[in-house]
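Common to both upcoming complexes is chain A, partnered first by chain B, then by chain C.
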Partner chain A sequence: MIWWQNIPFFLVWTPLLFASITAVLRAKVSRFLILLFPAVSALLSAILTWYCLRNGGSFAFSMGAFGAPYGNELRAGALEAALATAFSVIMLLSLLGGWNRMNVQIPRQRLGLYCVMVMLLLSGMMAEVFTNDMFTAYVFIEIMTIAACSLIVARTRGRTLFAATKYMIFNQLGSGLFLLGLSILYCLTGNLLMGDLHEKVAALIAEGAHLDSLTLAVALITIGLAVKSALYPFHSWLPDAYASCTPASSAMLSSLISKTYIFLYIKFIVRVIGLENLDVIHVRPILLACAIASILMGSIDAILEKKLRRMIAYSSVAQIGYVYLGIAVGTELGIAAAVFHIIAHALAKSLLFLTGDRLIGASDGDAHFHELCGAGFRAPVCGAAFTVGALSIVGVPLFAGFASKLYLSQACLDMSPRWSVIGLVVLAFSTALNAAYFLITIVTLYRTPMHAYQTRMHHHWYSNAALAALAVLLVLMGLLGPGIFSIIESGIKYLG
Partner chain B sequence: MLNALTDHLEEVAALILFGIGFSNLLLNRNMIKKIIGFSMMDSAIYLFLASYGYIRGRLAPILPAETPAPSVTQYVNPLPAGLVLTGIVVSVSSTAIMLALTVRLYRRYHTLNIDEIAMRAKEADEA
Partner chain C sequence: MKMNDDRIRWLADGSESLDSEMLREYGQPEAEEAPDAFEMPHPRERRYYHLLHTWTHRRGERLMNRMYSVAVVLICVAICALLIATTADMPRFGDAAPLEDDNLSEFYVEEGYRHTGAANIVTGIILDFRGFDTLGESHVLFIALCTVLMLLYLPKKSDPKTMREWLESEADDRRFEPHADLILQQGAVLLVPLVLVFGVYILLNGHLSPGGGFSGGTVLGAGLILYLLAYGFRKTERFFNFRTYRRLTTSALLFYALSKGYIFFTGANGISNGVGTGRFGAILSGGLLLPLSVAVGLVVACTMYVLYTLFRKGDL
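Our next item is the complex of A and B:
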């Protein structure tokens, strides 16, 4: 065991430990800690990424040195480490960008508890990224659900309470399906570690035994995680939850939590089922149909929406459709494109939620489109940052969204001719739809306002710096796309 | 067919209970009944797991200190019991947070019916 191989364990364990300590600290100290921990975690996972890339391959960390099949394992390679870095950085920037509003919107006595939930969320995210054990994944899914629900409900005004209840109900349905699927899989194989599961599943498929039960288990896990990551038609909880809570929370909910579930699903598909067995399980056509429906319906809902933050929330549904499209292609290229899109979309969506809320704030707090005229002049940094985020989501060259759509369309060509044509047409059409609502929004932001606005909101320099950093990262990711993509691709080779 | 059902009575019961709990959580309008459905759904999965671990006629997996350790074939599978224990802890905390949400919903909207709550939340939004 070399020293850097302990990093995944500390990434999961330290935030969990400090979550319980944060509960009794003063709000001032814990507010400092929730910035410190994502920063440290980003640094450590960047170091881990570097070592993983240098040494190649991936390694397993047995918790407490209990060997398989009884022990619990973490597993890390370049892909997991890179994703952990991206998630930590985005978490830090989301918190910084929403810092002012968070301190205003969350009652003073609850701020300490909010910090506890942020710590739990960080720990849960790292656990989902690194775990090699399906049941541990389930436990941390529940921890993240509870943390996410508390993040929504921390702001007491508006309809957050109803939104959180809806979120909780749907997520519990999803967790229940996931757990049932997992139990059936466990009964079929007698293992919970992903590596051992894969051997048993491959053996079952080779024998042709229990194929129906296996399909049922995979279907239940797929639907469970699809509900939790808001794939169409299981997305009805999403707009309320994302649009009503404090901006730092909605940035983290949309860019981190749903993405973590999707990454868990990718690990399940690649590491447990194996890409070569996907067709036996019949999971691809269903995923493909849901992904395409998600891309189209999410964009149409966004076009019909009259309020800015709900529009951004609906666009999340469409973007999650892209990620599932990459998974549904079912080749290494498709998975790599999906992971690339996860990061690109997480950056852009975090930026859009943070700036969207501040643009609304600069328009006397009215979220309707006609009130947003000229908001880009009243809040120049936000206007520019929003434009960058929106252009990236639309897929304009130079930005991360363009690179990810390019890789997705390359991946689509791996499918059978008919499906690849459908995939490409959907990609092109949805880009037009994305452009329709985001370009209109950008134009609205820079039109002359109909009347004067008096609200002057003070934002700290580091808040603005966080927004600028997100925008710069989006451009960098667009420019360095091939380099990042090759890291992801090399990581995926060692994921299986 | 009938034999298969009677051989796996616990699993069949667990799946039926899961269905009842799931549809209650999804479809029932009353928050408390939703939470009851949620508890049923989770308990059904624990029944499913526990019945998988239990092997008829075998002992509890506890090693006696004085006598020489008997072979593993005399014990039931202890792992599902561990999973069930973990799961119970998880579902208790989820139930607690859902009940807490329900208390706050009732204080604000004075009803437990989720449709009425949705309606009042919408009215409050537009007001």
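Our next item is the complex of A and C:
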């Protein structure tokens, strides 16, 4: 085994090891550690991406002396490594961008525990990205669910307790459904490793045996992960959870946790079921319908919303719909577009949550739109960064959102003529809806203020630098879209 | 300390603040405009409007709620039926999976003990073959405990308000504590040593007979809780306080993660790890299984006990 092939293992294991140490350290030290670890992990996974691209293919790392089917296994290729890089960078920038508010809003005695949660979240994310075993995925889903719940509840107001309770109920339901589906799958195939599962599932489909049970298992896993990533009919936990916690938490919740579940689903679809078997399982039409409903209803809810952070949260529902639209297309191009959109949206949404909270802070803490007039002048960096994020989500050329919508519409053409027309119309219409609420928000930010505002908030230079970095990354991703897309496409070839 | 206040209120009046939040979310229609606020030229129109309005807000809402409950029950029953029907389609218990050809379970049963040195193959599987899953699983316990700590832990030496709150909860707890319940205390005298010894036995024999870290730890935790119930916090504080808990859990998890990391790293890189399996069936066999069982058991016992005390009065 070459030295760089050990990187995935260290990405998963080191944060897990340091999580329990963080619990006994003083809050000052552990606060430093939660910045150090995402930074190191971004660096390491960037190195891994470089080597994976140079050597091509993907490799397995068996956890323990026993080979793959008997023990656990990690698997890494260019796609996983690239996503791990993106997730670590976004985690670092979200923490930095929300640093001041995090220290103010979370009581001192909880800060140490908050750091434990962040460490375990990092480890869980990396495990989900790299694991090649469905049950390991379930274990780390549990870790991520609890970590996410306490990220919400670390800042205690009445609202966060309510939001966290709601989050917990929905997400435990999702985990339960995932486990149920997984046990049916295990019962049918006697395997948990993704590659072996794929062979068995293909054999079952070729024989035509147990097709109904197989369909039910896939349906349960799909619904479970859809609940956890807030696809339309299951999204009602989302606005409360994202809008009430501290901004660093909401940035991580929206841009990392739900995206990790979606990437796990992509791995399930590509690596376990296989794109060629999707039509036998009948999962595509349902995914398509949910994705389209999600895109439209999320935008409409966002337009109707009167508060800024809840509006951003509802727009997440719409954006997750885009990702599922890419998956539902069911070709490699569609999956690649979905992964590209995952990264583009994660960057934009964490930027929006971080700046949105500061803009509210600059308006004396009132989240209503009429109070936001002129907030762009009171907090110039935030105003500019918010504008970049919003334009990217709307899909204005030069920004990442444009590239991802372009790839999504290309992917839509792979479907049957009727569906591709529906897909394109929905994409166009929803872009108009996105523009409706985000452009209005931008205009509101730069209108004349209604009255004078008192609060002057102090933010460190590195917080502003983190916001600027997110904005620059969005523009870079828009400009270098084809290059990043080709990396993703080459990675997807080795995912299956 | 606004946040602390909120937390204390939340602790003090139980679920009330959650209830009021739910009410704000779902119930309590906002002060409705009286139907007369509109200009309604015709009395008949006004009467119909009034009828409709009152119907929606009295009967209609109730009807919707009922329909909702019925729909929920129907959906649940449908899902149950679907799952039961699927169970009928599954291979029967004990049969091989429909496509069993590489004999995963056969390997575990027949070859497992040779690789792990464990007579109890279940422990061999969870701590050795699939040790990574179990590592994650014990961190699930740890993180759940951290979350409860975050919500319920009341540190003693902070501001006077928290101090007062802590004293109140202490006093409140004393009220329910059986001061000198003879039956309970004499029962505990008999039972607690037995339970603790049995727990230690399960822990140490996890790789030889049914048992292991999770079950042994649960028994140990239950024994501690029984002791606490009978003799109160004043006795247990002497050997188990917050610092003990932190040291135990952290060192157990640290040892677990470090040794598993060593095994994974050497295993994947093809380096011999130098851990022998020992003589089959002896107490000191199975390589790292015994210390790992103990580590898991400590984590589980601490989690059980601390969860109980936190829910009881927010402190150890």
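Assume the second predicted complex is superposed on the first by the 495 of 496 C-alpha atoms of A that agree within 3 Å, B and C clash if a C-alpha of one lies under 4 Å from a C-alpha of the other, contacts with A are read in each partner's own complex, and residues count from 1 in each chain.
Here is the rule we go by: a contact is a pair of C-beta atoms (placed from the backbone, for glycine too) under 8 Å apart; a residue touches a chain by one contact, two chains touch by 3 or more.
None of the values given here were measured: they were computed from a predicted structure.
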Which superposed partner A:Cys149 touches (first chain B, second chain C, both, neither): both
First, second, both or neither for A:Ile21, with chain B first and chain C second: second
Touched partner set for A:Asp212, first chain B, second chain C, both or neither: second
Contacts of A:Phe135 with chain B and chain C, given as first, second, both or neither: both
Partner chain(s) touched by A:Arg159 [first = chain B, second = chain C, both, neither]: both
Chain B versus chain C as contact partner of A:Leu48, first or second or both or neither: neither
Chain B versus chain C as contact partner of A:Gln172, first or second or both or neither: first
Chain A: partner with more touched residues, chain B or chain C: C
Which of chain B and chain C A:Ala336 touches, first, second, both or neither: neither
Set of chain A residues, in rising order, touched by both chain B and chain C: 70, 135, 139, 142, 146, 149-150, 153, 158-159, 161-162, 165, 180, 187
Chain B partner contacts - residues on chain A that touch it in the complex: 70, 135, 138-139, 142, 145-146, 149-150, 153, 158-159, 161-162, 164-165, 168-169, 172-173, 175-177, 179-180, 183, 186-187
Residues on chain C engaged by chain A in the complex (per definition of touch): 1, 3-4, 6-7, 10, 17-18, 20-22, 25, 82-83, 86, 89-91, 96-100, 102, 104-105, 107-108, 115, 128-133, 135-137, 139-140, 142-144, 146-147, 149-151, 153, 155, 158, 246-247, 249-250, 253-254, 257-258, 261, 263-270, 273
Residue ranges of chain A in contact with chain C within the complex: 1, 6, 9, 13, 16-17, 19-21, 23-24, 61-66, 69-72, 105, 107, 109-110, 113-114, 116-117, 120, 127, 133, 135-136, 139-140, 142-143, 146-147, 149-150, 153-159, 161-162, 165, 180, 184, 187-191, 196, 200, 203-204, 209-210, 212-213, 216
Residues of chain B defined as touching chain A within the complex: 18, 21-22, 25-26, 31, 34, 38, 41-42, 45, 48-49, 52, 79-80, 83, 86-87, 90, 93-94, 97-98, 101-102, 104-105, 108, 114, 117-118, 121-122, 124-125
